[in-house]
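Structures for review follow.
Two complexes follow with subunit A in common, the first pairing it with subunit B and the second with subunit C.
Take a look at the complex of A and B:
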């Protein structure tokens, strides 16, 4: 297929001004979700308002249950998934944590639940704004997690989530991290493809011989204890290792059919070609970071930005290949990890581990900022870039620094 | 639009044990205690429900001791669910089936969905989820609570269903406090019936009276919509008695009036079996002491404890508006101001359409006439006008 044809195909459908949550709802509609369950918490709940309206208007044929708490909300969807229904669910902040028991068992059950996480600070004290600790709390459990940059990516990531989650080689839940307020509630113009294109990308959900149905009378998740739990965990680990390959395949198809998605599914490089140092982060902080890069580039600085899209699976080999090109990397964490090895953020700690085996390691500095929904401004990015530049030059800079905090 | 996925399987009453189906859908393979009257209701429930059934089981005895990897006793499909998730597991399963049938993705047929839970999972942690499930009248499901009056699987701890004064590992009698369990047992089926008027069937039973229990399961499954059956299961380990006395204790619970048998069908409550005889004055309640003294968990009771217990049972029978079911009396008198009496009773004819989503206001249905939306919803913030009745 020529590039022109791809572009023409990518142009099929409609263009609309939408918030991130509305964009997710449009993908839910085109994925023909069968069951969804709602419970209110800001900022994710906009998506359930949009889904409810789609159902009320007859644009989506799905069972819609308003649960009495997030634990039930996620259990309802987990069990609907086990009988062969495609499901959509989501939450934010402490709501996500209230569902934690269900979140823990869903990947072990290998059920491809797709959830939107409208990232929100964990109370107390109360805060509506974004922090990534809510979604990151499930990072070790088998949830596949990605973070998006804008409403278009909300839409695209949701379709990708179903494709990857339901692939029989994977069969894991996928969580889409959407920065609260900055993306959930910000409108951008997005392309919505027609149903035919989505159907070409996303095959029907088929659990095969794991379907719970009287015609297939299996017992799911009996008491296994030490006799078998390790073998089952190992199978889950083997599946986790297959996810990256499936994401790559899905990305290639996505790009072929919709003509979008970037060079690779795992990360985005922004003006990094001859960069000596870069900032690194996830989600909406890419916007001020990119402003910073453009401004400093105009001043002759060899600075760039790398945005991670898939946090689980963590693209270790790719990160080693990309980030070892630079002298220093400044990791911007919109999260915290109290008492962690370097008292830094979660992303920083993971990236340090990923780069440990690299032959040449860049210097890594960590910035914790934008917590509780506080804005990360281009000026703060300038400040972080300056520290990273000094680290690249071999200067002694703090390994971890909190940004924009009143003393 | 077809509403057929909402059809409930119609199951006739069994009436006598000899007429019970021979087929077993819960077989050997479990490793429950000798004399366990929580395993028996699983067998009876599965037998009553038949092969077109999906069973969801919460954590508890009937998970841990009952369903072991590689030796499952379940012939019908079975899935574990979380301790407090009986209601949501049943909802999700039923909703999933309904969506797939409506959308033509699987064969359109009635399938029973039963979620069981223990008293800890159902009456404590999972009560909110069960309550939510009982309000979602579009889904066929049965919540089956097996009540052995403690967290028996984790070594007999006090639950919201543990009787007053009973010894558990969380309520041991000591030198200073003889009675450590000072809460009166929650009246769960009565509470659920009182609070969920659209639920078509709620009943109490016991495996000690198996035909009655099986017929209640069948009535619940046939009623359609969300339903609830509570069964009292004597537990040799938790109640401290010889396993051979399990059935006898189940019967004594009925005969002493501590645990009444009843069913609430379409908003009408009727006692069943021995309880019916007691309620009709054809049989005396036995003193509750006869029941309590046979159980080691009450071995520390003094006369005053037995007296207190009997007083509470007497109150339940003599002062509750419906004995053993609705836990209060009415201060009256009733003064109905409308011209037409609207109090529901047996003699009022009610137009109960089948539950299956065919009443106005249910999703996926064209709304017509008075049941329809009489105004547009505001799109800006999705706020509805309460006066529209929707």
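Take a look at the complex of A and C:
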């Protein structure tokens, strides 16, 4: 297929102004989800309302179950998934935490539940704004986690999530991290493809011989003693190692069919070609970061930005290849990890571990900012870029700095 | 269940050494004592015994630790369970035996209820293991029983090496949960261990422990001495005892297992071969098919779905899955239609279904049934059945006139 044909195909469908949550709902409609369970919490509740409206308008035929809390909400979807239903679920902040037991068992049972996590600060204090710690709380459990930048990516990532989650080599739940307010509640123009294109990308959900059904008598989730648990965990570990390859395949198909998705599925490089130092982060903070890069580039600075899309699986080899080109990397964490090795953020801590074996390591500095939904401005990005530049020049700078905090 | 071994192996490699010395020959080696007991009735008893083993070892400056086997469910009525005491001359030796589920080799195994003398399951996994599966060469199996050596050896599996069988005359102390019990069983067992295995502790050592405890008086010393004097020790030769049919389960590798924690379900009408739980049983129901009125109450109330339904609508029992809980006998409305009988009366029958005998020859069946009841009938106390909202107890209750009068019973 030529690029022109791809462009044409990408143009098929309609263009609409939508919030991130409405965009997720559109993907849920085109994925023809069978069951969804809901329990309101801001900012997740935007998608819950959008899906309800689709059903009410007759645009989506799905069971819509209002649970009495997030634990039941996620259990309902887990069980529906086990009996062969494509499911959609989601939550935010402490709601996501209230579902924690269910969140832990879902990847163990290898059920491809797709969830939207409207990222929200964990209580206390009660706050609505974005922080990434809610979704990151499941990072070790087998949830595949990605973060999006805008409403179009909300739509695209949701379709990708079903494709990756339901692949029999994977069969893991996928969580889509959507920054509260900045993406969930702001509208941008998005392209919505027609059903035929989506069907070409996303095959029907088929659990095969794992389907829980009277005609296929199996028992799932038995109690097991120490003679069995390690083997079960090892199976999960093997599957986790297969996810990256499946994401790459899905990305290639996505790009072929829809004509979008960037050079690779795992990260986006922005004006990095001759960069000497870059900022690095996930989610909507890329927007002020990109403004900063353009401004400083105009002033002759060799600065760039790298946005990580998939946090789990962590694209270690790719990060080593990309980030070791730079003299310094400033990691912007919209999260915290108290008491961690360098008292920095989660992303910073993971990235440091990923780069440990690299032959040439860039200097890493960490910025904690935008917590509780505080805005990260281009000016703050300028400040972080300056510190990173000084680190690249070998100056003595703090390893971790909090940005935009009143003293 | 079993640890300290490679997946698929029955026993740790060091237990396969038949040439090794016995622990009685080596005084400074760590020693392990097992108490196989019935939860919940004997849980405190077993803990008490383990504590005293360790405290007796302290009298000769040894150290000790006790281990409750973690996979057991000792809070459940009648479920076989184990607790261990390990004693060692120094910290380093002791630590080599800690952070384990159970010792690899046992110097002494004490069976507190002789209905478990053939062996028990661990939490129903992998079938029944011989009671003496981990008994060392030259080890001692101590059983509380009024049965003879010959009777017990009909059910206790043989070993490939010599061992000793110590029998302490008595009945299993099952009542009262051992919270306020003072029937002397603990002291008698300790006396029996001191007598048969002084290398674990000597009489003077355990006696000193009892005398240190202000709560224990002369009665306890008397019980200790009676256990010491009454225990009878028999030398058992390699190959003597019941045939050992135990086959360890071959555990699959993770590449052989189905993914996503899936196991085949039991199909309708089938029973799970991995969940035979008959070692839970101290008594078993015996049915009079001639007086059965086919009301199905037993079939309905059996918590383990042991009752089948025949073409004649009678209800034979699958004893592989019968835990001997006695609910069937209690809910049965016909007097003496289902009678609970001591399980040790059925060494010959094992878990065999006796209904074919009834079908073949009713008189022989009745003769068999009456003989069993005559020898081993268990008298049952009645109880309030929360499922049926009635005072149950059938004809076996001690007194029955007002058994459906809840007010009277609750007072």
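Going forward, the second predicted complex is superposed on the first by the 407 of 407 C-alpha atoms of A that agree within 3 Å, B and C clash if a C-alpha of one lies under 4 Å from a C-alpha of the other, contacts with A are read in each partner's own complex, and residues count from 1 in each chain.
Throughout what follows, a residue touches a chain if its C-beta (ideal position, glycine included) is under 8 Å from a C-beta of that chain, and two chains touch if they have at least 3 such contacts.
Predicted model, so just to flag it, every value in this text is computed and none were measured.
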Room on subunit A for both subunit B and subunit C (clash or fit): clash
Subunit B versus subunit C as contact partner of A:67, first or second or both or neither: first
First, second, both or neither for A:217, with subunit B first and subunit C second: both
Partner chain(s) touched by A:52 [first = subunit B, second = subunit C, both, neither]: first
Which superposed partner A:171 touches (first subunit B, second subunit C, both, neither): second
Partner chain(s) touched by A:234 [first = subunit B, second = subunit C, both, neither]: second
Superposition-derived comparison: subunit B or subunit C, residues of subunit A touched: B
Which superposed partner A:102 touches (first subunit B, second subunit C, both, neither): first
Partner chain(s) touched by A:34 [first = subunit B, second = subunit C, both, neither]: first
Touching partner for A:226 - first (subunit B), second (subunit C), both, neither: second
297-305, 333-341, 351-359 or 369-377: stretch of subunit C that collides with subunit B: 297-305
Shared contact residues on subunit A - subunit B and subunit C: 217-222, 224-225, 227-228
In the complex, subunit A residues that touch subunit C: 108-111, 171, 210, 217-222, 224-228, 230-232, 234-235, 238-239
Contact set on subunit A toward subunit B in their complex: 32, 34-35, 37, 49, 52-53, 55-56, 61-65, 67-69, 71-73, 75-85, 87, 101-102, 105, 204, 212-214, 216-225, 227-228
Complex contacts: residues of subunit B adjacent to subunit A: 51-54, 56, 63-64, 67-70, 72, 74-82, 84-85, 87-93, 95-100, 102-103, 105-106, 111, 128-129, 131-132, 136, 363-364, 377, 379, 382
Subunit C residues within the subunit A interface of the complex: 1-3, 7, 71, 101, 123, 125, 251-254, 257, 259-267
